[in-house]
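The data blocks that follow each hold one structure.
You will see chain A twice below: alongside chain B first, and alongside chain C after that.
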Partner chain A sequence: MTGTTDTQARYYAGIRMVPFDLLKELVLALLGVAVLIAVLAAVLSAPDVPPVTIGSWSQADPVDFVTTASAELAGQSGTAQYGPPYNSTPDAAQALGPIVPQDWAGISTPIDTAKEFVLHPLELAATGNPTLTSALDTYNGADATHQQAWLDSYTKALDGATVENGQVTVAAGDYGPVPTLMGSLLGIARSGGLDALLLENGRFFQTDFTRPLLFMGDGNYMSNLAADQHLTGDQWGVMNETGSYPGQTWLWLYSVWYQLPPFNTAPNADLVIVLIVLALTTLLALVPFIPILRDIPRWVPVHKLIWRRYYRSV
Partner chain B sequence: MSESTREPVADRANWTLALRRFLERRLPIVHLLPDRQPYYVGSWVYIFGVVAIAALAWIVATGVLLVFFGPQWWHVSNIGHFVNALHFWAVQIFFVFMVLHLWGQYFAASWRDGRAPTWVVGVIVFAISIVATFTGYVAQQNFDAQWIAVNAKDAMNAVGVGAFFNVLNFGQMYGLHILFFPIAVATLVVVHLVQVRMRGVVKPIDPPGAEPPQAELPRSDPHASQGPVA
Partner chain C sequence: MDAPATYLNWAFILISIPNLLMILGMILLFIVALVAPFPHGSEEPGAGEQRHE
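Up next, the complex of A and B:
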């Protein structure tokens, strides 16, 4: 036993040892933290703003919903043009020179926005609905040029759209079957049906919300709500949370770069910033081996405060 | 050496015995549960670490309750909401004191005398804790979770991890949050604590008449790390 206890006994040789109760300290800390979090929880509670659903979105802002759905159908939405891991849009991936990590894993979650966000849900809902069935047949039977022309005209017309009885109305024009498709999709969405249809995967249970979240993320409604809650990227983004709660303050070193030029406008900001933060974290871990960084504590007399009693005694 | 005291060949090849002897030599119970400490360990800085551990214990305890009743419970039950608030504030306290502990140990240059691995593991605990908490934020099933996930996916995809770490997949994030990351953080914290207890608390910086301390890799013989003492 002597050979073992000497490890620290010899390190501390000549230093006065005083009684210490590790277990009592831990128990007191547990009790102290219990009281603290109980008071904070009782007085301040915690944030829990209800989630947005496609149903609530389409009811609150039907024009934004239809505009987004039209973009999904036209292949013009953020998700449709995202690149990996959802699709293979050329030059969409963030790159650092020739390094394109976004391409490395390929299309792991393939998403065809026109088919999965619009046409497939409409096909599922078209049973017993000859008007919708006919509109789908017309759209699917048209060539790409006609489809695009209808969608372009309809999207422009949505700028002046009005909402009556929950339906989006645009000025008369040559939109083909698009208004029927969008009117049907809006009706399904307002009923809450599209939330379920976007999760449909052929199995009963599911826990993957990738598709409805991407769909909602393509619209403006969600980001407007986020801006109201000071959650957008130029407001320190995901570091904050709803209400006046502290949020993930420990992400400040990550969020700060998004506030600074050139990162706040760089197309590859996410890639560059993640790499910077990884590099800084590695530096922090390796501080003991890095001259200057490891010497700063000797130059800055904070340790004189930490060990006041010691330095007084010597 | 007499025949009776010579170690049998079988003992020298015994892994269990070797592990026991290593633990007896490097981590005796008197180091694991000390009742004495150097007199200079009398600063509030030394409290930060233990408070962080206490907060972690409450995070786990409240997290187990939340898991037991399921991810929907705290949205529809007042008691559940309170338990979630306890979980939330325990996380906040954990990070506040972990950061204070980190800065305290930095300005104490606590990696000296062979303690660099302790520092490295501590920073890894900090980094893993951030990811652990992040998975909790995106698994909340509320607006915060939706917005954070929709935005954070871009960073994950940009660095190529989105293919197997899909922040929009609640099931994956929830599973990682309640199983993988708690085990990872708790294991690393235990490793960190064992490292601290094995070597004890580092001496103050630059005792009068001492050579300036240098960071170094751990030495196989901890006795060699002795510096001048007060």
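Up next, the complex of A and C:
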């Protein structure tokens, strides 16, 4: 210890020192920030927008719900064609040359949208309901070509759909059992039952909202609400907050790329932007070793402004 | 605070007034931190300083 002290004493010999109570400053800063947070929280409260559920969605916009459910059943929704981690849709993963982290991670959350979002909830609800049981048997007994033809016709007819007494009505056509299936699913959804069925995980606490969120994300209702609040990616959404609260301004470096070409139309924008920010972060960490960058503090001597009293005296 | 914020749009930049105020506030705080004197009690060079000998 004595040797170390001697070494330090020699190292600092002749250097003027200023006593400074760092602990005192730390405690005072923490107290100040804590008081500021408590006062601002008491005065401003926090964002409290009612959550969107499948129940509220199906009541507010039943046509959008049924259109989305038809796409889930047909395997044509965004989730159904997303690729990993939900399914193995070919060429769906974002890639940059040989860099395909989506594929590397594999299918960690397998989701069959037709089965999990539509058919399984209907099977559970079919008990004691001969009409629904028969419609399910007809649909499951038909070949894929018939199923697709029914769904295609029904989806086209939904463009002119009307809503009467909470039920979606389309022009007469050959839709097979699809209107019965969709009418039943809409009824379950409006009661809040579909939210519960999609959260079912076999455990006491149900905290995995992946499935209901994916289902809602495939429709237009939730994305329109997000757009109204400036929360979508092309609106710098990750930086914004609901209402008049300030958002996450520190995420500007991620968000800015999504507003600029070619990233705002690139199918692999997420991957490319993550790699760009990773490269910039690495560059920042290596500043002391990079010529020109490491010389900037000498050209822009901000430190001389902070310790101006010292620099005036030397 | 739950009322929708006003947004400013300039070319590709779209920013809410609350976010703009936060950014301006941070810049202002940075400038104040640069120019505000340390609380040493005296601006005289050498006041309160020790010298390692």
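The rule is simple: the second predicted complex is superposed on the first by the 298 of 314 C-alpha atoms of A that agree within 3 Å, B and C clash if a C-alpha of one lies under 4 Å from a C-alpha of the other, contacts with A are read in each partner's own complex, and residues count from 1 in each chain.
In this text, a residue touches a chain if its C-beta (ideal position, glycine included) is under 8 Å from a C-beta of that chain, and two chains touch if they have at least 3 such contacts.
Since this is a predicted model, take the numbers as computed values, not measurements.
Undergrad: Contact-wise, after the overlay, does A:235 reach chain B, chain C, both or neither (first, second, both, neither)?
TA: Only chain C; A:235 stays clear of chain B.
Undergrad: Which chain makes contact with more of the residues of chain A, chain B or else chain C?
TA: B
Undergrad: Where does A:133 make contact in the superposed view: on chain B (first), on chain C (second), on both, or on neither?
TA: neither
Undergrad: With both complexes superposed on chain A, which partner does A:51 reach: first (chain B), second (chain C), both or neither?
TA: first
Undergrad: Where does A:244 make contact in the superposed view: on chain B (first), on chain C (second), on both, or on neither?
TA: After superposing on A, A:244 lies in contact with chain C but is clear of chain B.
Undergrad: Examine A:260 and indicate which partner it touches, taking first as chain B and second as chain C; both and neither are also allowed.
TA: So A:260 only meets chain C here.
Undergrad: Taking the superposition as given, does A:108 touch the first partner, chain B, the second, chain C, both, or neither?
TA: A:108 sits against chain B, while chain C stays out of touch.
Undergrad: Is A:312 contacted by the first partner chain B, the second partner chain C, both or neither?
TA: second
Undergrad: Where on chain A do the contacts from chain B and from chain C line up?
TA: Overlap of chain B and chain C footprints on chain A: residues 12-19, 44-45, 47-49, 229, 241-242, 245-246, 249, 302, 305-306, 309-310, 313.
Undergrad: For chain C, which residues count as touching chain A in their complex?
TA: It comes out as residues 1-5, 7, 12-19, 21-23, 26, 34-35, 37-38, 40, 43, 45-46, 48-53.
Undergrad: For chain B, which residues count as touching chain A in their complex?
TA: 24-26, 28, 30-31, 33-43, 45, 47, 50-51, 53-55, 57-58, 74-75, 81-82, 84-90, 92-93, 95, 99, 104, 106-109, 111, 113, 115-116, 119-120, 123-124, 127, 130, 133-134, 137, 140-152, 154-155, 157-160, 162-164, 166, 168-172, 174, 198-200, 203-208, 212-213, 215, 222-223, 225-226, 229-230
Undergrad: Please name which positions on chain A make contact with chain C in the complex.
TA: 9, 12-19, 44-45, 47-49, 228-230, 235-236, 239-247, 249, 259-260, 302, 305-306, 309-310, 312-313
Undergrad: Can you list the chain A residues touching chain B in their complex?
TA: Touch list, chain A to chain B: 1, 3-8, 10-23, 25-26, 29-30, 32-34, 36-38, 40-42, 44-52, 82, 84-85, 93-94, 101-106, 108-109, 206-210, 213-214, 216-217, 222, 225-226, 229, 231, 233, 237-238, 241-242, 245-246, 248-251, 268, 270-271, 273-275, 281, 284-289, 294, 297-298, 300, 302-303, 305-311, 313-314.
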